[in-house]
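What follows is a pair of complexes built around chain A, which joins chain B in one and chain C in the other.
== the complex of A and B ==
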């Protein structure tokens, strides 16, 4: 009980995710599980992006590169090297973390719009590179053989297992997000977000701290990538590096509330829900991305702090719970 | 007394502008050094050179017997150098307590969060911000923001404190309160360099004053000596004998 009182901000996020995981388990419906999988995946990616965007204040337009790159490395280990999915997921996470570390050394010295532009460039460059990289199948990508799923009791069982693995990953992500937010490291990140020069003068070793934030925000997307493409059975460049997905992630984080633990979760939930409605609607099905664009514009103009930020501001008594 | 900071022939150019030229002085531990001069004289540039924001191009800066001429700002913070800014730099969305905790956490003593919280409370009481601790820093007025910058600097437990115009924009009673705070800081054994335009205050608290004009050191001495120095009067008021000279030419 004591622990909960000391960490009130983690309660709601855990409850929301637990509800999402239990929903298809209780209903026993496979299409519910697919919907839940999509939302959980969005939560993991948005919460990871939030470490960089929300806590550190660095806008990454190309964050999906870590999802695609990690996915490729993991699927390569599973498909070509014959690894089990578990080390495959780890390999994807580590590969993305390493990529972020090297990239960070190069582009984190850029600030504001320049950094954001560089991240777009990175995603496109990686897509072009993979397109021409024969080891990863070039433009055709890699198709998982059916036999890959055998050790897990066949394809159907493997799909179910992917869901629970993702659920575990999401729990870890939001706990890590909360731990970062309430740690000394997180305080350094927030100082950088508010005023990088002031943070340096106060002794925050900004190059290192920013690099670690970037690495931490890249690992989970890499692992989620492996999991998703394992479940998908196929990985190819346009599906692995979709730039629009990066922008959708930004919308989720901004919508829910950047810099909070709960915000990206609610944002991912709301955005995926809206998207699910839009793609089946007659009027919007072809222009659902424009809706995302308009939404982003409205958020930036009217509630730049996002839903959770707005609530925190309006109702100060909720601040302890809405972290 | 031991020398805490030694500035040796420090020069800095910005394009065609000689911002600092051959600045040289030693600062003994425990002193308050006033740095005065007209606008654009290079006072803040000198702070930036000492503080590692824009490193000096020539000369050497020695802090606690180490050459810090090329050291990074954050390294200096950890070595025990803290500063406030002429234009305040609050971490607006964070609370006052969190602002001060950043100073404590990443300063000389590298404190943990819990300890930093205690230090933040103590230091905020010292500068008179206790009532504002949970407020977002962005909501403070200018005088309070200056006090908060001071609290952040003090929370890092520095050896040397660089104060850049902490009195500017304050009213008479706020200046009075701030001056006594500065004197109390010195009592804690912290050495201070302060840039200031409010002459009455700087004359009152400084042990020694250095006057800069066009990037050069034009005078140095006790407050009394400085107030009588003709070069200083000229820098501030123009040539005191100008009227006489004009009469002679007639």
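== the complex of A and C ==
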């Protein structure tokens, strides 16, 4: 009980995610499970982006590169090397982490918009490179053979299993996000966000701290990528590195509130829910992109701190719970 | 020898296209230079320029180069409108805000465009003949497009250096606070710069539509090219963008002679990242 009192900010995020995981379990409906899978995936990706964007203040337009690259490495180990999915997921996470480490050493020296531009370049360069990389199937990509799913009791069972694996990953992501936010390391990140030069003067070893934040934010997308493409059965360059997906993640983090644990979760939930509604609605289905654009514009112009940030600002008593 | 031949055929084309891409990048570099905003609605304005040519030429039968004047005016006005609706409030906010604001404009335009034109490819069937230069054939439309791009650059140069609003723009680029103290109406100048940048995007789109097929989504690819060119020529240096476009065009002409064409984007974007790292002011350095 004591631990819960010391960490009130983690309770609400965990409850939201637990609800999302339990919903398809209780309803037993497979299409509910698919919806929940999509939202959970968005939560994992947005929360991991938040480590870099919200805590450290670095805008990345290429977060999806880790999802695609990790996915490729993991699917390669499963498809070509015949590994099981579990070490495959780990391989994807480690590969993305390594990529982030190497990239971070180079591009984290850039600040502001220059960093944002560089991440676009990295994403496009990686996509174009994979397109030419024969080991990963080049432009055709890799198609998982049906026999891959056998050890897990067939394709249908494997789908169910990947849902629970993803749920586990999301819980880990949220706990990591919360631990970082409350740790000394996280304080260093937030100091960098407020003023990088001042942080350095105060003794934050900014190059190292930034690199580790980048690595931490990259591992989860790599693992999620492996899971998603394992479930999907097919991986190809345009699906693995969609630039607009990176921007959608930024929107989710902004929507919910950057720099908070709960924000990206609510943002991912709201954004995916809204998109799901707009796509099927009679009036909006043709211009769903425009409607989403108008909403985004209104949020950016009038509530830049996002929903959670706005609530924290308006109702100070909620600050302990809404972390 | 075969490579030399290939080079001779692809290089002139690359150079001509480079000028047109340079024109698009000039719009992006201009907005960045004046107000430190990366305009993510750039691609959708290029696409609108393309569909402008399509509508005016195919539906109304107006000659594409005449219609371009109209497209330029519409581009300028819509740029000013976008500035006041989406950019003005976030001009002093952190980068993320202006990036997302312009991106939401991009979403709105693409959404409406998709509803009207769907995402299927369009083609403007327009021919200005062609002529042979040694072993290569040069399309008339591309040559004229390159000439128009050069013309626009010269016009922009004269505007920036010889006219009063142009000098205001340069003053705001250099130091907005100081310019305001000297009595420069900075809000109007920022809006004008955004309009000009958008106009250049629309015009380059109109030019590209005369020789490439396009869809409402194809602006994104040219926007990425504009980033690469902008960084090559120095972001914030509109005239350097034309040179950057030329460099990119030459690269696109040379690389296919030695490697498969699919490697072109790999090299382009790797170069982009390396230049950002080594010399973020661009190969020719922004005037700062």
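Just so we're on the same page, the second predicted complex is superposed on the first by the 308 of 323 C-alpha atoms of A that agree within 3 Å, B and C clash if a C-alpha of one lies under 4 Å from a C-alpha of the other, contacts with A are read in each partner's own complex, and residues count from 1 in each chain.
Keep in mind that, in the parts below, a residue touches a chain if its C-beta (ideal position, glycine included) is under 8 Å from a C-beta of that chain, and two chains touch if they have at least 3 such contacts.
All values reported here derive from a predicted model rather than from experimental measurement.
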{"item": "Touching partner for A:204 - first (chain B), second (chain C), both, neither", "value": "first"}
{"item": "Broader residue contact with chain A after superposition on the shared chain, chain B or chain C", "value": "C"}
{"item": "Which superposed partner A:239 touches (first chain B, second chain C, both, neither)", "value": "neither"}
{"item": "First (chain B), second (chain C), both or neither touched by A:303", "value": "neither"}
{"item": "Which of chain B and chain C A:25 touches, first, second, both or neither", "value": "neither"}
{"item": "First, second, both or neither for A:110, with chain B first and chain C second", "value": "second"}
{"item": "Contacts of A:190 with chain B and chain C, given as first, second, both or neither", "value": "first"}
{"item": "Footprint overlap on chain A, where chain B in one structure and chain C in the other make contact", "value": "none"}
{"item": "Chain B-touching residues of chain A, taken from the complex the two chains share", "value": "183-184, 187-188, 190-191, 193-195, 197-206, 259"}
{"item": "Touching residues on chain B, where the partner in the complex is chain A", "value": "51, 53, 72-74, 77-78, 82-83, 85, 89-94, 98, 101-103, 105-108, 112-113, 116, 152, 156"}
{"item": "Residues of chain A that touch chain C when the two form their complex", "value": "53, 57, 59, 61, 106-107, 109-110, 112-114, 116-118, 120-122, 124-125, 127-129, 131-132, 139, 243, 247, 250-251, 254, 258, 286-294, 296-297, 300-301, 304"}
{"item": "Chain A contact footprint on chain C (complex, rising order)", "value": "32, 36, 38, 85-86, 89-90, 93-97, 99-101, 103-112, 114-115, 220, 224, 227-228, 231, 260, 262-263, 265-266, 268-270, 272-273, 276-277, 280"}
